[in-house]
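Next, two complexes with chain A in common: one pairs it with chain B, the other with chain C.
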Partner chain A sequence: MNEDENNTEDLLRTFILENYLFTDDQKKLNNSDSFLDTGILDSMGILEMIYYLDEEMSIKVAPDEMIPANLDSINNLIAFIDKKTN
Partner chain B sequence: MCGIAGVVQSSNQVAKPITKTVLKKMADALRHRGPDDEGIYCKDNIGLAHRRLSIIDISNGHQPMHSSMGDISIVFNGEIFNYIELREELIKKGHIFLTHSDTEVIIHLYQEYGLDFVQLLNGQFAIGLWDDNNKKFILIRDRVGICPLYYTFEDNRLIFASEIKALKPALTNGLEVNKETLDQIFTFWAPVSPNTFFKNIYEVSPGQLIIFENNTLKKHVYWDWDFNKDNFSNNSEEQLAEELHDLLIDSTKIRLRADVPVGAYLSGGLDSSVLVAMIHHYGNVPLRTFSLNFSQLEFDEKSYQSKLIEHLNSEHSHLMVKTEDIAKNFMQTIFHTETPILRTAPVPMGLLSSLVHENKYKVVLTGEGADEVLGGYDIFKEAKVRHFWSVNPQSSFRPLLLKKLYPYLNLPDSNQATYLKKFFGESLDDPDNICFSHLPRWSTTAKAKQFYSSELNEELNGQAMNSMLHSLPEKLKNMHRFNRSQYIESKSLMGGYLLSSQGDRMLSKNSVEGRFPFLDHRVIEFSNRIPPKLKMKGLNEKYLLKEAMKQYLPKEIINRHKQPYRAPDLQAMTGEYLGEELRHHLSVDELTKNGLFDGKKVSFLLKKADSGRKLSIPDSQALIGILSTQVLIDQFI
Partner chain C sequence: MIKPTLIEQFHNICGSYGDHIAIQNDMNEITYKELKSSIERLAGFYQEQGVKQGDRVVLVIDNSINYVIAFYAIWQIGAIVVALNPQSKTHEIEKSINLCQAKLLILEQADIQKINSLNHIDINILQLSEANIQGTYSWQDALNSKPITMSLNIKKATAAQIIFTSGTTGDPKGVLLSHHNLLRNTHDITDYLELTNNDSVFNVLPFHYSYGNSVLHTHLSVGAKIILNGSMAFPQDIVDKIRDSKATGFSGVPSTYSLFLNRSDWPDNPPALRYITQAGGPMSKSLIHKLLNTLNPRTKLYIMYGQTEASARISWLPPEYLDKKMGSVGIPLNSVKIEIRDQYGNSLKHNQNGEVYVEGDNIMKEYWNNPNATQKTVINGWLRTGDIGHIDEDGFLFLEGRNNDMIKVGAHRINPLELEEVINKLDFVNESAVIGVDDEILGQKLRAFVVGDESRENQFCLKKHCNEYLPAHKIPREIKWISQLPKTASGKLKRHQLI
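Our next item is the complex of A and B:
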């Protein structure tokens, strides 16, 4: 993982931890945890995350990209962002 | 609305005897409900207090009122709209009346029919009645819960009042939080009746009466929503529309009976538009309307209101609610709701009644109840779509119908159904669950529980759903699923929130009485016999109402997409709008002191809210729910 990816990972983890799990305890979130299966995010939460990706990371999510394969875990998000930025 | 209160004890051997001083304090706590007159009665083991809002027979309706022989004493809050007809019948039977008030009619009805008299009442009422001959005291509440009535039983004393704050002067000990009820509110938006936010304080459930006799309380259900499929009408659509039309005209007309001018709320939606049109065409009174407008356009319905005002030539007043008004009026709103709220919607309703009061009106008709009675809510549509979906749960197409239901919610615009399924797919594999229609809402609301403190989590053991299931009658299983949704909605959200926190409490705080033609029990009983397919034809809500009333309204009103009344929630309660005092209630210290919520988690929630980003409904409900709970504890405990 390069420095940019580390930075993205930190940003995403902090965002999910503080805004959906309401904690700063890093142990509460694994990068492979499915947001939907664990109940971390629902459809409303996904919307909020899409706004976040747009506003904070300039990543625009197209309607057909709103699928769990892109958005449903930290790992999926990192891979999706990587694909979008490269 | 008036305010009633009292103490009844089974003997003189009690720790805290009834005194006029205590009764006066109880009445004082209800002054806002009835600023026009006060009455106190205290004799032997009976103490009654009344605050009056004079609407009918202004010069003669003083309460507590007594029978001519003095054997019956009564305090009464509300209106008996058919009192004129009942009075005439009683006169024919030989009863002699000293006043023209509906209160005196109740006394004579009780003398003539005993407790069965309640079946004859068409109205909204909370009654406390002492029968000295039989040494029994009776509390009666209207069929659907328009007028509030609370009680507690301690040390052989029955203490009752229109509002919980008026019970306090008579209580031996102070109020305590009922944590199980808090958990119910954080699931269903409202307590499961008869519970309240306070331990050992109960409401008289809608449609119930309670008899206090020989130091025991006996509850009796005298009315309930009845959706027996065998009673569905076979009349044609046209016949049913005509019957509904005629009933609504009459229910509106009798609700205009008053010795003071009567106005109406006009939201711009179908229900209030129907109502205002009825008053215009059949009321024989000047049409006077009141509306809310919002500076945030997404909540505002001014264009529809203007269309109606022009169409019916109404004298109209409106109040522009600015976002900052919500936080500014939040604490006094909670003082009146006496229960935590999850949305800020009651606040503007309280401001609207102040506009009515300023215009020297004491009575308004509102369209409340039409959605429950005639099948208007999106939750009914949602359940219909989810049932359709449950037949083929793998379908990606079927759940997309849900997006059409909530254009104002910004649901994910996805070709994939995964996210919609997560949100609305609750119990998709269990479509016969009697609570099927409400499970997504309850599950969304319950997300607020993640902010419970670990102590509260340990204490509670997921009993909220059991309490709800326990409160629902067996007959629900045999109802059509559409009627099940109506039943649950009417018993939970309507009674516990819309008619109370957002209804009576926001009206009575400014000494205004609300009247609800759609909740006339004749309209409800008629509607319960309408086959569900005519209430919602396809996904066209309140179809029969539209058919019955389309002749009076512009097409734009009849055909508009239903927009539920909403107010700015989170955006009004964060950032610059949330003042120091409210923030203090959300501080870690205050949260820790009360012990109900996790201070650190809530501070992250507040940080998220303050970020200014668009947030989800569960977050918004959590923040407002936590804040209102904290405020309530500070005000009452």
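Our next item is the complex of A and C:
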């Protein structure tokens, strides 16, 4: 993982931990956890994540990109952002 | 011939369409015949647990085939269904169990934490897993019980279901619906939607909620197929699945259609559905226009209005009147009457705004164990909806707003007092007020104003506290710390000044 990806991972993890798990305990979130299956995010949370990607990371999510494979875990998000920015 | 209850109607349908698929999800499907067999065996389990006619059974289960089995098995033995939001927190489940003095609780298998926290309550617990956790019964064991196939002699007024809804004050209220309420409302809906056994509805609405509950019963009552698949978190995924499944119908709330129009390829490639329905709060005229402009030419859009206290549905707008009566929620159902009344209860003439009153076979019996609330809400058989509106010269109802502070987030009716009570429990909070503010997708979103000690630690603690005591849809999305709340001279909150 390069420096940019590390930075992306930190930003995403902090966003989820602070806003949805209400903790700074890094052990509470695995990068492979499905947000929906584990109940970390609901449909409103996924929308807020999309707004966050747009506002904080300038990543625009097109309708056909709004799928679990792109958005439903930290790992999926990192891969998706990597694909969008490269 | 119309059967006297929905469970008898279901058995009737199983006789005619036993091999048709009743429910389908991404992994499984079940025919009407198989569904009936599972319902009868689970009813046997309920009876072994001592559940009798009139007892309450609480379901805390996501939409699934098992939900439908668990629900109809309760009716099979004449007991009363109490379906709760699966996102409910443990203390909310406990409160509902105590309020309705339930005999049996049915939980998802993943809810081990919930099971452990509820074990101290004197109630039997069935969990939907193959192996049973100590002190509970497993789903597999329950389905091996001796079936109950006998039909019950259920009277029209017998209680069938309690649906908890946010009240205007204090604790949630349990809307008690009779078999007759649900049956008549179901038949009125199937009539105007012209539902048949050839239909298949793609359902994303939670069944525990009044609108989803009516989608379930209307489709099962005619032998149609219900498709359960996917989450509205991924609208494109849902639109793709609607197309792939060749569904004929879809039901949504305004935010569902807003998501489809803004976050999927629906506008360019709308699914070839026969009907779509909208309820769960007013849909703006601009959204209706946008949706109409993108519909497949064969798709009819049904705008509907209802309340949990009215079994679900009160009125519907015939699709041919969408242009002529834009903004209306339509005409009353066959067995429903609507009147507009002033503050003294006097009937008003056409085009005069007042409170919407509703009478008919769909109106609830009462609020469970709450005669005071019932007395204020059902006046001589007429339901006071709390909605403000008028009826035009052609008999079409137009809604203008509500006469209380209830907030509508997506399809959820939320009482700000309940949220304020939770927030005010924190030591560092002096007082708070919650309002609804406009939101592009959800119609409204929750904003909390908090007076208290605003340290970073407390901000964190407040969010954590809300998450602990409130389900996701009731957690304020925005929190603003202020020095004081606007109040009248007598100390009453001026809520409108916060908007």
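Some notes on this structure:
As a convention for this text, the second predicted complex is superposed on the first by the 86 of 86 C-alpha atoms of A that agree within 3 Å, B and C clash if a C-alpha of one lies under 4 Å from a C-alpha of the other, contacts with A are read in each partner's own complex, and residues count from 1 in each chain.
In the analysis below, a contact is a pair of C-beta atoms (placed from the backbone, for glycine too) under 8 Å apart; a residue touches a chain by one contact, two chains touch by 3 or more.
Not measured: the values here are computed from a predicted model.
Judged by the touch definition given at the top, the superposed model places A:Gly45 against both chain B and chain C.
Touch criterion met: A:Pro63 reaches chain B and chain C at once. In the superposition on chain A, no contact is made by A:Leu29 with either chain B or chain C.
In the overlay built on the shared chain, the residue A:Leu53 is in contact with neither chain B nor chain C. When the shared chain is aligned, no partner comes close enough to touch A:Leu77: not chain B, not chain C. By the touch criterion defined above, A:Asn19 reaches both chain B and chain C. Common to the chain B and chain C interfaces on chain A are residues 18-19, 22-23, 36, 42-48, 63-64, 66-68.
Taken in their complex, chain A has these residues touching chain B: 18-19, 22-24, 36, 42-48, 51-52, 55, 63-64, 66-68.
Residue ranges of chain A in contact with chain C, taken from their complex: 18-20, 22-23, 36, 39, 41-48, 63-64, 66-68, 71.
Chain C meets chain A in the complex at residues 87, 231-237, 262-265, 410, 441-442, 460, 463-464, 467, 472-473, 477. Per the touch definition, chain B reaches chain A in the complex via residues 410-416, 418-420, 422-423, 444, 447, 450-451, 600-602, 604-605, 607-608, 613-618.
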